[in-house]
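Report on one structure; see the data block that follows.
We call the chains A, B, C and D, going by the order they appear; numbering starts again at 1 in every chain.
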Amino acid sequence: MNFEFSDEQVMLRDSLSRLLDQRYAFELRRRIMAGQAETGIWSELVDMGIVAMPLPEACGGLGGSASDIVAISELFGRHLVIEPLLPSVILTGRALARFDPAGPVPQWIADIGTGALRGAFAHEEGSGTGASSTLSTKLYEGEAGPRIRGSKKLVLGGGEAGVLLISALSETKAVCLAAVPADAEGIEVRRYRALDGRPVADILLHDVAVDRAAIMAGADAALEALLADARLALAAEAVGAMAVLMATTADFAGTREQFGRPIGSFQAIAHRLADMKIAYVKARASLLYIAALADSGRATSRDISVLKAQVGRLGREIAQGAVQIHGGIGMTDELPVGHYLKHILTIDGLFGNTDYHLREIGRVVAAA
Amino acid sequence: MNFEFSDEQVMLRDSLSRLLDQRYAFELRRRIMAGQAETGIWSELVDMGIVAMPLPEACGGLGGSASDIVAISELFGRHLVIEPLLPSVILTGRALARFDPAGPVPQWIADIGTGALRGAFAHEEGSGTGASSTLSTKLYEGEAGPRIRGSKKLVLGGGEAGVLLISALSETKAVCLAAVPADAEGIEVRRYRALDGRPVADILLHDVAVDRAAIMAGADAALEALLADARLALAAEAVGAMAVLMATTADFAGTREQFGRPIGSFQAIAHRLADMKIAYVKARASLLYIAALADSGRATSRDISVLKAQVGRLGREIAQGAVQIHGGIGMTDELPVGHYLKHILTIDGLFGNTDYHLREIGRVVAAA
Amino acid sequence: MNVDFDPSLEAFREEVCAFLDTAPTDAIREAGRKTTSVFAPFEATMEWHRLLYARGWAAPAWPVEYGGTGWSLEQRYIFSEEHWKRDLPPLLPNGLIMVGPLLMELGTPEQKRQHLPGILSGKDYWTQGYSEPSAGSDLAALSCSALADGDDYIINGQKTWTTLAHKANKMFMLVRTNRDGKKQQGITFLLLDRTDYPGMHIRPIIGLDGVAEQCEVFFDNVRVPQGGRVGAENEGWSVAKALLKHERGGAAHSPAIRRKLDAIRAAARDATASFGGPLSEDPVFQRDLGELEAEVASFEHVEKLVLSGHALADDPAMPSLNKVMSSELSQLLSIMMTRVAGIDALPLQLEALEVGSGVQPLGDPFSLVAMPYYLNTRAASIYAGSNEVQRDLISRNLQTLRA
Amino acid sequence: MNVDFDPSLEAFREEVCAFLDTAPTDAIREAGRKTTSVFAPFEATMEWHRLLYARGWAAPAWPVEYGGTGWSLEQRYIFSEEHWKRDLPPLLPNGLIMVGPLLMELGTPEQKRQHLPGILSGKDYWTQGYSEPSAGSDLAALSCSALADGDDYIINGQKTWTTLAHKANKMFMLVRTNRDGKKQQGITFLLLDRTDYPGMHIRPIIGLDGVAEQCEVFFDNVRVPQGGRVGAENEGWSVAKALLKHERGGAAHSPAIRRKLDAIRAAARDATASFGGPLSEDPVFQRDLGELEAEVASFEHVEKLVLSGHALADDPAMPSLNKVMSSELSQLLSIMMTRVAGIDALPLQLEALEVGSGVQPLGDPFSLVAMPYYLNTRAASIYAGSNEVQRDLISRNLQTLRA
């Protein structure tokens, strides 16, 4: 066991890299985000099998493992991809696959796997996704069946989703997951973009009726698995972004001249680059090791928190260093540097930021 | 108002500097501390008026202000002086002067001012001098009068003192100060040295009888003033130590050669020196400004905490930088560098460390 | 500097407060709340400049004969404090702090007559043309050239990081008039009394924060009068150094920094910690806030000693020390702002940030500005002499003193 | 590296535990608890070395033919973990990790026969004579000279930071045999089979922590046999580089670092926070502990990947990366130790620290070692190539790769 990607993973990454190099280059991506260009990248991802990959084979997927998700998500991070693989498939699709296959659920999963339907996971309520026992969204028994009431923020892909997966507490304070069609009555969606351009939405749930077959009660473990998937995939994206920042900044420092020599020959810059390298090595090693633990079912919530906290903290260190070393042009929207910074900061804010996870780690290990 | 020392303070500092240069040079001080040499420095300090200076004029002192204490203590720090001016005069003497002048108290103050008697302030109980409401030493009414019971740690000059000033809570949880002769029955003293060579002691109080005339009840304000004096004087010592480390390290970096040039010409060293300079400028400005506030009765406990926290944190930064830049020889007992590091670390631990004061500041300003 | 020691200043403070509480328009107040940069939103800020001018308070630091207020150091500090406390937009610094004082020192009588009134009154905004793509931290490497031709110079080349050039009607710049000798020689300091000379082309640059604050300016055989030259030809480097002295010797940074910390404290009382309860009562937040408070306090102490003429003021490294301290403190504060805003810092809300857009932010006004301010403030350690260069200067000075 | 993945290793772990739980004497255990340096207390540690030798476990990393254990990487890692968990003194590295492997690679058959057995058995302790007063980070500037004379060299000069030289019976050193050419040339690597040659004078140096761990060694016409030379004359620099490879490619640092963190966690449960309650329940402590735990975990992950042959292992900067990471992590841990010990870290207790002194510490055993460990560990960023030099190497490598 040497923690390298498998031959299959390497082949898939090579194909995906080529696709993204061609169809998602930085300038093209800017035009796509500004609405000035179209991309058929989602259907390409479907064709390559990447959209179906994270789903279990029993649901028509490829049974992707944690390290498969990491292998793909890392490249997404390198290329600043904001296509909805994470919210739709890795989160909603995989979680639905843990539901009893009843009612509309199997069809939703199948449609998510073909890319025809998009899902979104509505969980955040405003202060950074703390313990699930603090959720204020309620799943309750209405006169004509179960209903859900609450409000969710910063839902990734929430504005484009056809099905919403919602975390809530039952009347007995049990953790539940419930899935509803996004066009159900009582759902109000406010679309906007996150700092890094990801389409997100705030979602208000005004006593929305829920199909009883689309509810998972006692969903503590499922929710934890879901959050672990989210954190692992986002961490992989962050590490991908860090890799590009590292390489770009080292290149820049080796070519940009001030005072008659490359700025990378100044020790202050050189040592900052060294610190960025150290940060990168730590973050990537933790990503690969913890992905391997996850593959073998041994990753604890502490491990996942370590990973999320490290990419948050080390990612910020690398990104801020990259901006500083690039100087003025690092401050512009025209270079990728700042986009990576914003990508990393956005990732840090999703599903518990650095501070949250560090405290969570400390709480657990101080008591152990 | 320009926050400079007054002409009188400058003159006194000049005299004291000369004395310490002659009679307290580093090598001599090492021999003194190893018991291989004697110093008559205490009697010289008495003769110069420095011992009487901090006491009010009404008690035979010179009515020294906060900035007078800072002016002297800063030089003490520069020269690593561990003579008992702080515990005996600045703490015990000044606090006793706030007692009602009754019983043995006036004579104790007079003898402290002449240097004939030494006092010590026994306050710390083990976890870093938190809120006075958490004191566990008890002053209670015994059959034949008041008694005190408890244990104190790391009492500066506690082994050499003739009179001990003790903080305690009464049976009604009121903060009290009580003074007892160090040879009173039931006092057990364990002498040792602190990290920086200061003589200290743990003191066990086994139901020690206290003269009712030597008790100050409702001593909250007096204790706060006492702690403010302690923190201000120690901060001044720390800033004095920081000044020497700054200057010594800059000198060293300018002369020590590696790879054919002075190490100070390497940007990594140069920038660390710059950071040390920034740290020093901040610490000294806070010292002088807060001393001026104290002189005019406007220093709040927040101000004092800012000062103590800054010298703790910035002092550590400077001292660690000094050791690193000196390299191997900075790791030896033979150079002053390490002694200053240990001086600064010891100061940080006395009367609330950096962490305590930062949290205290944060608690106050978050609520304000 | 008796600002914390002299109660007699309170009457003055009240006079200032009375004006600041009533004079600004709604747009000016909105611009202040939406300030996420050293440079406040342009139009409303210039409007505020003109209102202050009408009150006689546009340039407290200027000598009375040029239109200054005649206030003491303490009064100026108090004015700044109260101005910041109300989240009013700071006046743009280029004219008041840079060009104006420079002309008072080195300008010809004609230059003073021509330019000072417009700077004081808020009629003119001067953009700064120093940096070039290949001359950033190494400013002396600049190559944008001016060739004397009759009574004119003909300028060719490019400037960048010309702040708000697209809003400016004036420009001051450094040009190369001689390529021989040391690179600090052969530089000339020029005033351009228009920004629409034929051959000038201004291109705004969108920043990290999504705002077009900086610009590139291209010069293609632009003919400008030699009368705009400050100092002698080829002596522009020393003119720039004189300007730098004014720029850095200017106003105290403490009131602005203190205001940021106050905003953080207030927001923390309304924010919920990720483990529940008000953020202001969270011990971890309190510790970090305590550290920031201590750092802000020390910085205030340094500035107050310097303003008071303490020996610290004579330290030749003080401008560099101040630059590093204030820029890095601003960065720390900006990080804390995003931390307090939490996930409410993550929505991209460029329209809501525009003065007069009428677009309501998704969260509160504090969260609206936290991230743009953080992003903009990344530049603080880059511009005006990068902090790497400043640390070089601090250290060189220290080692020279000791050697 | 399946240490976290392969349950079949548990039987081996039990075998190790059984021995480590029973074999060490009280003095050895005391020495382990009182270890405040990379170098554990000498006499008891050498005694432990000899006990491990008797069990056949003195040199797990050595090839079997030289007396190694034949354990897998995972087994060696487990042994190290269990050894550290019991606070046993780590064997002194100079023979086992430095001289031994070097001789296996570059020693003559005679040198191997002469020296390897004593290294393995714990009979010999080799001090390292590299640094000189004017050759620290710039080691190639060394000047201590050896002049060939018949079958001998005559050594003149001085070495410093020769760890435990006053306890050593052997010494390996670099000497200058030629002053021409580049300074890396003309250096020769020598083994001294005694430390009491006429003309050798050893002076212990008291460290910051009050302990005489380092020494100066003076050479005044010291005549030693040329048979001690490793490699060719004037080729000592490449011999030293070969040795460095062994030194750095050696054992994992993670188990030692993990043990320090465990000790901190345990001590925090007994310590009282300055605001009351157990320190382990204090949110501020928990956050800082969380950050340390995350850093320790990442470091473990890096080491496990490297040991597993992941591509990271081939990064030429990895030795420098490992040095910087492990040394700075040790320093962070040492600061946390003093923080948890609180004021109990402040008493000076040199006697209580001595193995066998019988002097009871004022506080608990954790607080006794916290400050000496902190002070000693300040050297970790200085020795073995200062971290400034390591960062230069990391960056040069990075920029070379990219260029």
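General remarks:
One rule holds in what follows: a contact is a pair of C-beta atoms (placed from the backbone, for glycine too) under 8 Å apart; a residue touches a chain by one contact, two chains touch by 3 or more.
Values in this document were obtained by computation on a predicted structure and should not be read as measured data.
Between A-C and B-C, more C-beta contact pairs are found at B-C. Taking the mean of C-alpha positions as each chain's centre, the chain lying farthest from the centre of subunit D is C.
If you average the CA atoms of subunit B and of subunit D, the two centres end up 38 Å from each other.
For this pair, subunit A with subunit B, the centres built from the Cα atoms lie 53 Å apart.
Those residues of subunit D in touch with two or more other chains are numbered 275, 283-284, 287, 388, 391.
The multi-chain contact residues of subunit B, meaning those touching 2 or more other chains, are 266-268, 271, 355, 359. Interface residues of subunit C, counted against subunit A in their complex, comprise 131, 134, 136-138, 141, 160-161, 205-208, 210, 214, 271-276, 284, 338-339, 342-349, 362, 371, 375, 378-379, 381-383, 386, 388, 391. Those residues of subunit A that touch subunit D in the complex are listed here as 1-4, 246-247, 250-251, 253-254, 262, 264, 267, 270-271, 273-275, 277-278, 281-283, 285-286, 288-290, 292-293, 296, 298, 302-303, 305-306, 309-310, 313, 355, 357-363, 365-368. Those residues of subunit B lying in contact with subunit A across their complex are 266-268, 271. Contact residues of subunit C toward subunit B in the complex are 1-2, 4-5, 265, 268-269, 280-281, 283, 285-291, 293-295, 297-302, 304-305, 308-312, 315, 317, 321, 324-325, 388, 390-392, 394-396, 398-399, 401-403. The residues of subunit A lying in touch with subunit C in their complex are 124, 126-131, 134, 153-154, 190, 192-195, 197, 200, 202, 257-260, 266, 268-269, 320, 323-324, 327-328, 330-334, 338, 341-342, 345-346, 349, 352-353, 355-356, 359.
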